[in-house]
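Across the two complexes that follow, chain A remains constant while its partner is chain B and subsequently chain C.
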Partner chain A sequence: MNAFVIAFNRTMRVGWRHPLDSLNPMAFFIIVTSLISITVEGESLTTGNSLAVAVLWVVLLLSTMMASGSAYAQDYEDGSLEQMVAQNQSLYASVHGSVAARWFLSAVPIVALVPLGAWMLDLDTEVWWILFMTLIPGSIVFTLFGVLGATLTLGVGRNGVLLALLVLPLYVPVLLLGVGACQRSVNQEPFEFALIGIYAIAMAAITFLPFAIAALLRVSQEY
Partner chain B sequence: MAQVNSSTLLQVSGLEIEVAERPLLTNFNLNVEPGALIEIKGPNGSGKTTLLRHLAGIRRAHKGSIDFRDHSFAYVGQKTGLNVSLTVYENLRWLTRNADRNTSELELIRALSDLGLKSRRDTLVGALSAGQVRRCGLASLLALDANIWLLDEPLTSLDESAIDWLKGAITSQRATNGAAIVATHATLGLPETVTIDLNVS
Partner chain C sequence: MNWLARSFHKMGSPPFFYRGAKVWVFWLYVIGLLVLLVGTVWGLAFAPADRLQGDSFRIIYLHVPTAHLSQLIYIAIAVAGFVYLVWRMKMADVFIVSAVWLGAWLTAFALFSGIVWGIPTWGTGWVWDARTTSVLIQLFLFLGLIALRTAIPNSQRGALAVAVLAIVGVINIPIIKYSVDWFTTLHQPASIQIGNPISIDPSMLWPLLVNTIGLYALAAGVILYYMRINVLRRERNSEWARDTVDIS
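For the complex of A and B:
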């Protein structure tokens, strides 16, 4: 069986045993969007939809960052990572499998909640499709960068703030492109450039970041 | 340097290991032949674990080569490599797949029952006692069926019967042309053991 499938199955199985790890970011998403929908006055939400789009993106960013911060921490602690480095020839494929499973466990449930959030924030239904088109690649990039940050801080206890400092600058360009594409679509301006940009970033991240993550996993065992 | 036979399982030559800029080993050579049992000895902090981790390829040496000559190895470290959220069976299956081995379900269960863990097959590793976790780690030795065993302090947390089992397992591993390299400060007391003392070198 190849390394991708093995890592995917394992991460899914462990995630399944800890449903709260997926449910907490979902709850966070619902709480933030509902609080904003009741505190911000209706008119400022509907004018241009830009606030609603920005809120949905930022909440997705934060919940993905929270969820991926613990990537590989357990494997580092219990010695599974040792076994992977010692025996596994293809850490690249294994990282791919593990990140894909993390994306399913933490990002997909939140993207699935977006219609609920969009409804609470009175977002025009015409914007929904562009929101989805950008949130899907966006959440993939967020997950990959989040796992990269988590592997960088392996062995550093309580890595929360450090992790945020490391990955937030990487998140910002994707956030701006995503929100930009949605807002341009709302204003009926051309948005193709931003859309292509975000997909290009996602493709590059999927191809190259697992190399970096795999290298960091090896380095983490040197100390 | 010892001569190299075609049957040599592992050949280490000119290995140089540094820990925190301090040389731990210089020009370390080792040939492991079938049937060998090598005990790495030395006081705490002398680098037993570090040497073993280099042999397992977990750490990279500055100089020298470690050549397994296409032989497989199983490494059981002080961390067992078992995930607490997975069952005993799931962990064991993952360890074998991770090492690219297609061990059948029957063989996995045989390995577990050999260590008295058959009834714990579907128990989460997090619910096991320390000794049982160690036993589970040792069961992976049988499941992996590797040519060379690399064991780091295998006697930790083991009761009498598990220690007897381990001695028997190492003996039969040697009898079937395998070899074992054990880092330990308490000797296993098996015949024809080669001792590497890291304090003297």
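For the complex of A and C:
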């Protein structure tokens, strides 16, 4: 538990002192959503709330990927990652801590902006609660896969496009389930299956992905 | 030590593999091409036409084996990745590097032949249903593996990263497999399922099985061929490699 708290506090403090790392993805989210609102005709958005839901999900996905894609990059360069790996504590717990902090720093602010985006896209307020119910586990999975992609490409310099290529395919099941649940809720159809599925994937990702991330962090110091 | 364990250890040794695989490559190519020729001619010319789909169903003889084999290659890559992570066996990484391109091409061909088949039967080349989507994602996963492997200059670290990515990506395979049953979509359920009576006539089934076996053999030959090249390239500074190539 100790390693979790240390990593959590440290990542939060570093994030707090680099506020632009959180603010830039938020600005990205707003700008892309408004670009879509400007370009897509108003009627086609209101006739199908499902389109607005899909737009919100995809834009949130891209913003979270950008935000978590730089995880551990600075630690890798200034050598604190080496200390993290070398210390005699559970790296698994430490990864959990820093991923949790990263979720608070980069995903939660964007999820908090979703009502604004929903307002821009003329989404019915009834959809909001199902949107939040699915976006919260969804953003956790997005953050975890984003951090995984970031550790895969540690030290590969200029890794933006590569990161997208590695991570976006892994996002697809969650994206489909999340958008499916919201759209079915819009159309008054049963959506429990998709909701259960997305929470199941989130639980599995929380349990297993930190193992993979910790293994990659260790490898990055070995070679 | 019994025979199996001994040959397993020998396979892990690059010079033994390089010399031993040469015969295998030749015979797998010959057998694979012959069997594939027999199955394709049988399927395209002699098998009866489908009652509903007419002659257009014959693309099954290429579509199903490639789609099936591309999934199998992805699973094999994930297994090899696991072997590399646990035992750090060099040959597992050589297998991944050699098989990943073939897997990407087979996936692309499966998608292409599916589009060609979809136009006359479904009335549309592409539908965003669960199965076509997940095969497309499988192609993206293959491309991601290739991109990651070439982006990391350090060979060992690149191999480990690719192994982890392959294992994480393998969650996609059950989604492909069961997506047809989860959602009722346009793609027909698999005709051949373990435990269920086969819903395809034997006269149509036999060429399909023959073609599948032929493609397996040919794919094994291609993978072994590239594995030999990659082993030699990787061991280019060792004595046995210099002796084999005989640089004068």
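Operating definition for what follows: the second predicted complex is superposed on the first by the 221 of 223 C-alpha atoms of A that agree within 3 Å, B and C clash if a C-alpha of one lies under 4 Å from a C-alpha of the other, contacts with A are read in each partner's own complex, and residues count from 1 in each chain.
Definition applied: a contact is a pair of C-beta atoms (placed from the backbone, for glycine too) under 8 Å apart; a residue touches a chain by one contact, two chains touch by 3 or more.
Nothing here was measured: the structure is a model prediction, and the numbers come from that model.
Shared-chain residue A:V172: touches chain C; no touch with chain B. Once the two complexes are laid over each other on the shared chain, residue contacts for A:V40 go to neither chain B nor chain C. Of the two partner chains placed by the overlay, neither chain B nor chain C lies in contact with A:V108. In the superposed model, A:L152 lies in contact with chain C only, and not with chain B.
When the shared chain is aligned, no partner comes close enough to touch A:I206: not chain B, not chain C.
Within the superposed three-chain model, A:A86 lies in touch with chain B and out of touch with chain C [touch as defined at top].
Shared contact residues of chain A with chain B and chain C: 222.
Residues of chain B that touch chain A in their complex: 53, 56-60, 75, 77-86, 90, 94-95, 97-100, 102, 124. Against chain A, in their complex, chain C makes its touches with residues 85, 130, 133-134, 137, 140-141, 143-144, 147-148, 151-152, 154, 156-157, 160-161, 164-165, 167-169, 171-172, 175. By the touch rule above, chain A contacts chain C in their complex via residues 148, 152-153, 156, 159, 162, 165-166, 168-170, 172-173, 176, 209, 212, 215-216, 219-220, 222-223.
Every residue of chain A that touches chain B in the complex is listed here, in rising order: 1, 6, 10, 13-14, 17-18, 74-75, 77-80, 82-89, 221-222.
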